[in-house]
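One chain, chain A, appears in both complexes that follow, with chain B as partner in the first and chain C in the second.
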Partner chain A sequence: MKKVLGVALGILTAIGGFVDMGDLVANAETGARFDMNLAWVVVVGVIGIVVYAEMSGRVAALCGRPVFDLVRERLGARFGLANLAASFFINSLTLTAELAGVALALSLLTSVNYLFLIPGVALLVWLVCWRMPFETMERIFGLLGLCLVVFAVAVWKIGPDWSELLSDTAHPHVPATDNGFTYAYYGIGLFGAAMTPYEVFFFSSGAVEDGWTAKDLGVNKANVLIGFPLGALLSLAIMTSAHFVLAPRDISVDQLSQMALPVASVLGRVGLAVVLIGIFAATFGAALETALSAGYVMAQYFGWPWGKAHAPREATRFHAVVLLAIIGAAVFGMSGVDPVQVTEYSIVLSAAALPLTYFPILVIANDRNYMGDEHVNGRFVNAIASVYLVILVLVALATIPLIIITKGGQ
Partner chain B sequence: MLPFVRPASGVWAAPMLIRGRLAVLGAAVVLLVGCTTHRVGPARTYDDFERKARTTAEDSLSAVETVRLLAEVSASGDAFGPYLSVSVSEQEDTLAGIEGDFASIQPPGPRSDALRDELTPILDAASTHVADVRVAIRRGNLRAADSVAAPLSADADALRTFLEQLG
Partner chain C sequence: MNQRRITGRPLHATLDLLDRQLRDRNGVLCGNVDDLELTRDDETGQIYVTAILAGSGALAYRLGGRRLGRWLHEADRRLHEGRRNHGRIPMELTTSIGPAIDLAIDAHDQSTHDLERWTRVHVIDHIPGGSHRAGK
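And then the complex of A and B:
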């Protein structure tokens, strides 16, 4: 049981990374619009995040310091500041989307307008960040997020022709109804959602919070090899359910409520209840991750005491940043912006900032001063990571032009 | 204690910082422009207008079909009231937004007028029928939702025919 709970950090991070507000919408949207023609992006994304999250966890376990802490030290204050600015901005957008996501999930259960629920959700997120021990937090929300497995159950209940589904997935093409630019835009969105920067900031900071050492490198591997593929599986299940239920009806997903429809239509009330709990837990978990990540990156850059292991009075600036990030995101969320569009932009803009996050991790994981001779990256990992770095740069360069050309994926 | 390793050199770190600031600024502008719902641009030619009419019809069809599916789920007892009520209201709002946006586009010529005259009544009918479903669900007539939603089938067909005509 202890071993099962040991991977809770990976599961929470992966649930947050793969099935947060952005992924829930993006996966359902792409499944409904492009069928399974973008499923390959999720597979590419999960390999990338497994490689880099493993590196960041290994760095944290060996150095006892998270990635962002080392970025500034290894690459300098200016690079660190550029990284901080980009990460903090995108993180704040993501936090806005997650708070709205939690409120929307509650709204679907209560009929209360989600705008009225955002302040209460923000308060709850802050209270959990402030009071709940890290281990309890990761276990509750990571494991509750597993309710989203109900999407896989719904797909199984639909009873698809698995060989045909696999064949469709393995032979992607740009649908006749869309053009290559829109296809690329959504592909980049899915890739950005899979490799969202806050995942590695949270994962490596969480590893430090959990007190990982060199002895925990096995736990690190188990976390990334179980947690992230599980998150990717949930992503694919959401996409597949939308492909089977929504696409044939010409339904395009632009509301969170629509992505739950396939489960309701296949599994009924129980399925719907489970999926709404799953959405609540996943978005709430992601809100915690992004709120804490705001504090982590800021405190780690400026060298302040940080983390939930410290009493709040010992890490006042860290907790102040978390609180201000939550307040800012709640106010932005209540301003009337469309939460789904904020979500879409946050994941696409994440893609633009990916090299800033992942390049330093690769540098540090190859530095014998930090990792020692025994634990630096091997050739195989470096080969994969380098290929991904090239992909990340290409994706980053293409993002803003694609937003403009496609008018935000229209 | 780990050794302090060299900081980034100023030669490439400064441009990196400037690029980072520009990227953040660009992203902020894109976000502010992009996060406005149902944004509409002008239609200067018939082709522009036709493209907007197509998008309007596609988005409306999605909203109509969503409500039809919600009504089916409601009638078979597969969902609870709050979920149905909020979901139908969202689609009603979406449809109202789409309709309002399309109505606000100035048709550039007589050909566009004809297109507008064809699509607008379909949107009006769909909005009325979606509102009927919302009323039924909010009154707790969950089992009767599919019969109330029956006219939406004709609306969906009309939208599909409209899209087929556009080619």
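And then the complex of A and C:
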């Protein structure tokens, strides 16, 4: 049982990172709009996040240094600061989206306007950051997030022709109704959602919080190899269900409630209840990840004490940043911005910032002074990681022009 | 000058020192290596790293905001006249250099911890539950 719970960090990171507001929206949207023609991006994304999250966890376990510490150290103070500004901004947008997502899930249950629920949600998120032990948090929200498996059940219940579905997925094409730009824009959104930087900020800091050492390298592997593919599978299930239920009816996803529609239409009220619990847990988990990440990146750049393993009064600046980030995001969320749109921007922009975060991880994972001779990257990992670094740079360069050309995916 | 034999691995100041995490004698994180103080030995012409500089003043100075850097440093010096080292940590006080740099100092005596203390007194201590570890 302890072994099973040992992968809770990976499951929470992956559920919170892979089926958070960003992916819920991106996957449902792309499934409804492009059928299965963008599913391959999720597969490309999951391999990338597995490779880089494993490296970040390994570095954290061996020398106790989390990702943003490495970012500052390898990129230097100036580029590190630029990355801090970009990451903090994107992270705040994501936090706003997640708070709104939790509130929306609750408003579907209670029929109270979600804007009224945001302050309460923000307070709950802060309370967990302030008082709940890291391990408890991992377990509760990681495991509750597994409710999203109902999307897979719904797909199975629809009973698609699996071989046709598989061949559709394996032979993607740009739909005739679309110019290539919107297709690329949504592709980048999906990729950004799969590899959002806060996943490695949170995962590596979590590894330090959980006190991983060289003995836990196996746990690290299990975490990334179980957690992220599971997250990706859920993403694909969401996309597939949208493809079957929403696309034929020409429903485009601009509200969270539409995302739950496929499950509700196939599995009825029980399905809907389970899916709402799952959405609640996943977005709440992601809200925790991003709220804590705000503190992690800031504290790690400046070298402050951080983490839930200390009493708040021993890591005061860290907790102050977390608190301010939550308040800021709640206020922005209550200003009436469209949460789905905030989500879209946050994932697409994070695609633009990816190389600055992932490059230092790759460099350190090859540094014998940090890793020892035994645990530096092997050739195979380096080969894949290098290919991904090239992809990340290309994606980053394409992002801003694509936002402008497609007017934000219109 | 006595020829000292170099033992262990040679260190590269920008790669192995700059921007590394600092830890005090109890393992408390206490800033980053924001800049280094270099001193030239007049007799030999050798340049030595004589101190680690930590704190927002040193960081701003290195990042190019010379005026901001000097101002922050000056403000810090006036606030704590003669009391502390203003983020200057002599190299003699480093006990090990690795992924983090360990120092034979107490974080709480450092001016880099002032903001930490200020936040504790003015923010954290006003919120219930801040003095215990989560779950304790």
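Points to keep in mind about this one:
In this section, the second predicted complex is superposed on the first by the 409 of 410 C-alpha atoms of A that agree within 3 Å, B and C clash if a C-alpha of one lies under 4 Å from a C-alpha of the other, contacts with A are read in each partner's own complex, and residues count from 1 in each chain.
In this text, a residue touches a chain if its C-beta (ideal position, glycine included) is under 8 Å from a C-beta of that chain, and two chains touch if they have at least 3 such contacts.
Given the structure is predicted, the values throughout are model-derived calculations rather than measurements.
When both complexes are overlaid on chain A, the residue A:Ala320 reaches chain C alone and has no touch with chain B.
For chain A, the partner with contacts to more residues, out of chain B and chain C, is B. In the superposed model, A:Ala77 makes contact with both chain B and chain C. In the superposition on chain A, contact of A:Asn382 is made with neither chain B nor chain C.
Legend: residue contacts after superposition of the two complexes on their common chain; A:Asn369 is shown touching both chain B and chain C. Applying the stated contact rule after C-alpha superposition, one finds that A:Thr406 touches neither chain B nor chain C. Once chain A of one complex is fitted onto chain A of the other, the partner contacts of A:Ala86 are limited to chain B, with no touch recorded for chain C. Once the two complexes are overlaid on the shared chain, A:Leu272 sits against chain B while remaining clear of chain C.
By the touch criterion defined above, A:Cys63 reaches both chain B and chain C. In the superposition on chain A, the residues of chain A contacting both chain B and chain C are 63, 65, 73, 76-78, 81, 369-370. Those residues of chain C that touch chain A in the shared complex are 9, 16, 18-22, 28-32, 34, 54, 59, 62-63, 98-100, 107, 112, 115-117, 119-120, 123-125, 127, 129-136.
By the touch criterion stated above, chain B contacts chain A in their complex at residues 2-10, 13-14, 16-17, 19-21, 23-24, 26-28, 30-31, 34-37, 55, 58-59, 61-62, 65-66, 68-70, 72-73, 76-83, 85-87, 90-91, 94, 160. Touching chain C in their complex are the following residues of chain A: 63-65, 69, 72-73, 76-78, 80-81, 130-134, 136, 299, 301-306, 308-314, 316-317, 319-320, 323, 369-370. Contact residues on chain A toward chain B in their complex (touch as defined above): 63, 65, 73-79, 81-83, 85-86, 89-90, 93, 107-111, 245, 249-252, 254-255, 257-258, 260-261, 264-265, 267-269, 272-273, 276, 337-338, 341-342, 345, 349, 352-353, 356, 367, 369-370, 400, 403-404, 408, 410.
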